[in-house]
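The block underneath contains the structure these notes are about, expressed in structure tokens.
Labels A, B, C, D, E and F are assigned to the chains in the order they are written; within every chain, residues are numbered from 1.
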Amino acid sequence: MRILVVNPNTTQSMTQTIEAAAKAVASTSTEIVAVTSSMGPVSIEGYYDEVFAIPGLLLEIAKAEKGGAQAAVIACFDDTGLDAARALATIPVIGICEAAVATAAFIAQRFTVVTTMERSRLPLEHLVHRYGMGARAKVRAADIPVLSLEDPSSDALPRLRAQITAALHEDKAEAIVLGCAGMADLAAELSHEFGVPVIDGVSAAVKHAETLISLGLTTAKRGAYASPVEKPYLGLMEVFSPTHMAAG
Amino acid sequence: MRILVVNPNTTQSMTQTIEAAAKAVASTSTEIVAVTSSMGPVSIEGYYDEVFAIPGLLLEIAKAEKGGAQAAVIACFDDTGLDAARALATIPVIGICEAAVATAAFIAQRFTVVTTMERSRLPLEHLVHRYGMGARAKVRAADIPVLSLEDPSSDALPRLRAQITAALHEDKAEAIVLGCAGMADLAAELSHEFGVPVIDGVSAAVKHAETLISLGLTTAKRGAYASPVEKPYLGLMEVFSPTHMAAG
Amino acid sequence: MRILVVNPNTTQSMTQTIEAAAKAVASTSTEIVAVTSSMGPVSIEGYYDEVFAIPGLLLEIAKAEKGGAQAAVIACFDDTGLDAARALATIPVIGICEAAVATAAFIAQRFTVVTTMERSRLPLEHLVHRYGMGARAKVRAADIPVLSLEDPSSDALPRLRAQITAALHEDKAEAIVLGCAGMADLAAELSHEFGVPVIDGVSAAVKHAETLISLGLTTAKRGAYASPVEKPYLGLMEVFSPTHMAAG
Amino acid sequence: MRILVVNPNTTQSMTQTIEAAAKAVASTSTEIVAVTSSMGPVSIEGYYDEVFAIPGLLLEIAKAEKGGAQAAVIACFDDTGLDAARALATIPVIGICEAAVATAAFIAQRFTVVTTMERSRLPLEHLVHRYGMGARAKVRAADIPVLSLEDPSSDALPRLRAQITAALHEDKAEAIVLGCAGMADLAAELSHEFGVPVIDGVSAAVKHAETLISLGLTTAKRGAYASPVEKPYLGLMEVFSPTHMAAG
Amino acid sequence: MRILVVNPNTTQSMTQTIEAAAKAVASTSTEIVAVTSSMGPVSIEGYYDEVFAIPGLLLEIAKAEKGGAQAAVIACFDDTGLDAARALATIPVIGICEAAVATAAFIAQRFTVVTTMERSRLPLEHLVHRYGMGARAKVRAADIPVLSLEDPSSDALPRLRAQITAALHEDKAEAIVLGCAGMADLAAELSHEFGVPVIDGVSAAVKHAETLISLGLTTAKRGAYASPVEKPYLGLMEVFSPTHMAAG
Amino acid sequence: MRILVVNPNTTQSMTQTIEAAAKAVASTSTEIVAVTSSMGPVSIEGYYDEVFAIPGLLLEIAKAEKGGAQAAVIACFDDTGLDAARALATIPVIGICEAAVATAAFIAQRFTVVTTMERSRLPLEHLVHRYGMGARAKVRAADIPVLSLEDPSSDALPRLRAQITAALHEDKAEAIVLGCAGMADLAAELSHEFGVPVIDGVSAAVKHAETLISLGLTTAKRGAYASPVEKPYLGLMEVFSPTHMAAG
């Protein structure tokens, strides 16, 4: 099996964290292809950044599908461009927020997502609600920039720990979901430290991608995810028209 | 008052329909600036097209705000890029789906949105749900391409009428919302024909934009719509970085 | 355009506050007719008062419609008698709670309504839920009698400010809605003071009424708001029978 | 135990139907006091009629409470004035819609309410939703005037039967709730005929009233149902002020 | 009328508390038959215990129905085995949680259930949600073992009181529901002490059972509660097969 | 990895169908241990059967955990005893309904579950709602006994096909979920025939179990799934007490 894992932000070092997490859990028969988007913001913090991360992400998915990938994982916790990717691709596409909350739901009745920036809290609440977990999961923000997770001198980790503590006591969370791809390397350590399951979306998404491949399931192309209609795209966006994307 | 009305698809003729609807209801003191996006798909039909309509749309909003517009209307019924636009702009931004359903709610307890393509039905259901009208409004698709609305030889109008009839009888709709900017010129005629209120989102959004200007209200910049963080955008997306957009 | 603004409580001085707020935002072509109900409680604080404010309110709406008003605003935040008014009138009728939350929804994802009495908190929660904003808006009571808002020596304002502060910190509100017509004169000042949008329902409702008139929309008369059936009303209520109301 | 059963419309003959249903199920130790409101519409069909049925209803409840009644039943299926009655009275007050759906919930997972007029369908849907049964109960209207239930020559009964049949087949209803006090005499016959439980709200409410009396429970006076604040009521409504009502 | 009240745990002394509460409110014409299950856990604390309390409970209900009981009450607050009991029996069956929240809803808009063990909090939240009260009721756990309620030297009562105090102040509860059959003897005292209605499920359920009997209503046998299909049950469970249960 | 797959009904032949489906998708490194419960009903059709399938199921899970299984799958579509199993076991436990709907949600926005008996429809609706998919999934019953799926001469398959057809046309389902473990062998054929994804819960659950094992995740033991409290179980149930189960 070949699974594409795209980091939709353009920060190479974060892709390394993501790739390590993906490879650590992949089956021996799975080839993980981790790529960094070639265009867009260096981190995705809120609605505006998200818009400009999607074109590069979709390019990578289209390219990988043509190259034989059997599933794709979008490695940003706001599940950047997930609906458009599902309309574009015929292979299954999984977002790491979606994968993480689906996984948490198998092992806990109540859980809390701890993310980075306050401005991402409501977008994640919308996602959690859409994935059917609005009554089971809370979302907390540690108020830390995404890239500070890569900076050992920052106070990112203490702030993250403080929110986990609050989740356990105030939300009575039974498990914790890490709400950023950049936290993919922290799950095991934090789970050990706090004595509760801690779920990373990247590794969860890789396993769910393997599941869909094994089950022979691909995105339903009837309804909301029907393939894009052929039509002209003008100006700077011309290269993203369904025809261009199909041509590669 | 100066209000920007952006057609986020790149079809000039549809902008003319939109502009006419906007000007027909604007106050005498309001200047309507109707523009067509300079890049992206010629029509927005489903999740994929939507992604590539947003950059051009945001460019127009940024440009107009610098040019003195006091509010912006996004004239596509999937409320293309609304959240990103609100994060970017300081002036208020209104989507025509949002405007139409808020208007319908003032005059009817149950109503039905009739849109074009089946693939847009679920995205509109998500919007209607998000705007708090999930229990009050149904969404129907007439299964017609967006641009067929401009082609008098197509069967677009008979199909639209058939769905309105079904809405009145099966959904017991008390009012009808037209689910596409390209239908902006049909509201009066259809209301007369069916004897129920028929709401067009473009004209509704223009009036709501005037309301926000009159009340001195602008988008809350605390929370989900905080201004984008300054950061590098790479590759083809570089020109859309918050810094570039601010510089104009 | 002529718009009726009814104060459904019988306190003349509150009508003056309401009238000033209405006139401050009305278009130059709009005539605001502000009236005080001729019967019922001097303030509306909870379910019981509300009942006895409705007959006088409906009388004013019937009279104004016959006199040529094109829309009516109910200037009490519990949207007193709104459903009955919509069944009675053919002109559109707007409640100030409904208008305020619809307006807040255009500029903020999360907001808090601050009202007067604790006994009004749950009725307003029901309204907010019914208007589709249950997941987006909280309601707080400042525990102040309605008429204390007119008494500069009362502690009404400090208590109101304390609840706004709590809303911003505890609810993470992005905007504030003032939950009483008697607060109509405070929006600008509080918005300046707290640095967030503060929405007054009276001025919002006037603008929405202008919108409906401009769009040529009136209440749907098919379904829940069908006109009352002609029938005898007995005793003290005889004068309110549909026949009497129609006769004027 | 003494239980007031008020018919809030002013049609004496309907009170007789209600009284018979109430007495048929009351415990031997219960005295049923059935009264007809002295003012207001002869039948309650929609939002407008409801408003003018409430004052007379509240007068009867206040009078009965002073006269020693220990509970009150509001015998109209739109639960006319229930919230105001609970604020006014110290004895428990029960609406027949509320009583019927609470009873149905003990014996069926899905049920359908069949009411009279289409214009009452949405108000009843709101009630059913408010009572927590929105996901379990549907509401159908037989499109019959309330008073036609008393006219053997009308087609009221065939129309009612047609809706019950539709409920069993299309809604897969497991039980039927009769959605009008004027149907109180039909439950046993229809249950026998259709072979499913058929619930009448009047008799259900009487039993629930006995339950509350036996359990020594009265309406919570903390929060939404706090007693009305003493204050002047002006004009025609003066006689309904809390002070007047207390004085009797 | 004969009503079975089953204590589905196997602790005789708790049955005595339950029986006293049941008899205290039963009508003079009602015979209360209180029984202790003959098999299963001595207390029901969480999902696991619940499973093994159900067979003994169902045996008692089947036996009592054959013996002429006209209704059954399940006297454990997790409404142990309620759905299976309704499928098995033809007489109506009522759970004490269901009875208590239905009763609370007649007298309060917001209330709080106070139960024993933290592990029972989420199961009760599920029940409350299923009974349609998710938006009106909160659930709190006093963190006390069920059987400690019978031990005067334990700190059960102080802990219970602390949660009631918190419910009144933090949840703004208007009434309290006691969330364990073992608290059946405390309602009157706590209501007096805290000055709010306090509801015990055992006594509420007995009265609702009387109501259903008086109204001639039995469980709907169409749909979810259709009688069990005759079929072999193997091994230790053989004695519970529908055939064996019917044979007695 | 060793994964237990329990058939909680006592029909060996159905276990063979289940085992084949499980082994067909398991990773090469996974050992599937398929067992038939040793006690209880030969098929699970509705609430009553479910109760008596749980003890045997829990015995198998306890035994397998002691024997080194790392995860357990409950192979009945009503997710028999799932909560109790999670409280009992320390290894993760997955239900096939839960697994199937979580899988469907990765590839479709709207889908329909097609199950066997009408009496199972509402229990499955409850499950689907609880798993957060109430707004996305419908449930249909083909009105066929569970064991008829094993009888080639029955009309089970035509009835199943008829419901799939109805789901695609009336529900506009984008994918189909097979709502019975006994259908595990039909997914590929039906998917090919109808041209949409068809999901079998058994194979889905096996893959999700592998995922949880790979991620090192086990059921949260804080909150609803805390381990059972040691206590006596009396009578026929004695052997299931936590102490006995731990002792094996």
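In this text, a contact is a pair of C-beta atoms (placed from the backbone, for glycine too) under 8 Å apart; a residue touches a chain by one contact, two chains touch by 3 or more.
Only a predicted model underlies this, so the values are computations on that prediction, with no experimental measurement involved.
Using the average of C-alpha coordinates as each chain's centre, A ends up farthest from subunit D.
Both subunit C and subunit D derive from one sequence, and where they touch, over half of the residue numbers involved are common to the two copies. The most distant chain from subunit F is C, comparing centres defined as mean Cα coordinates. We define each chain's centre as the mean of its Cα atoms; on that basis subunit C and subunit F are separated by 53 Å.
With centres taken as mean Cα positions, subunit E sits 28 Å from subunit D.
Centre-to-centre separation between subunit B and subunit D, using Cα means, comes to 45 Å. The multi-chain contact residues of subunit D, meaning those touching 2 or more other chains, are 86, 109-110, 122, 135, 223-225. Listing the residues of subunit F that touch subunit E in their complex gives 10, 38-43, 45-52, 54-56, 58, 81, 83-84, 86-88, 118-119, 121-123, 126, 130, 145, 223-226, 228-229, 231-238, 240-242.
Every residue of subunit E that touches subunit D in the complex is listed here, in rising order: 25, 27-29, 86, 92, 94, 98, 102-103, 105-111, 131-136, 168, 172, 174-175, 188, 191, 196-197, 199, 203-204, 207-208, 210-212, 214-220, 222-225.
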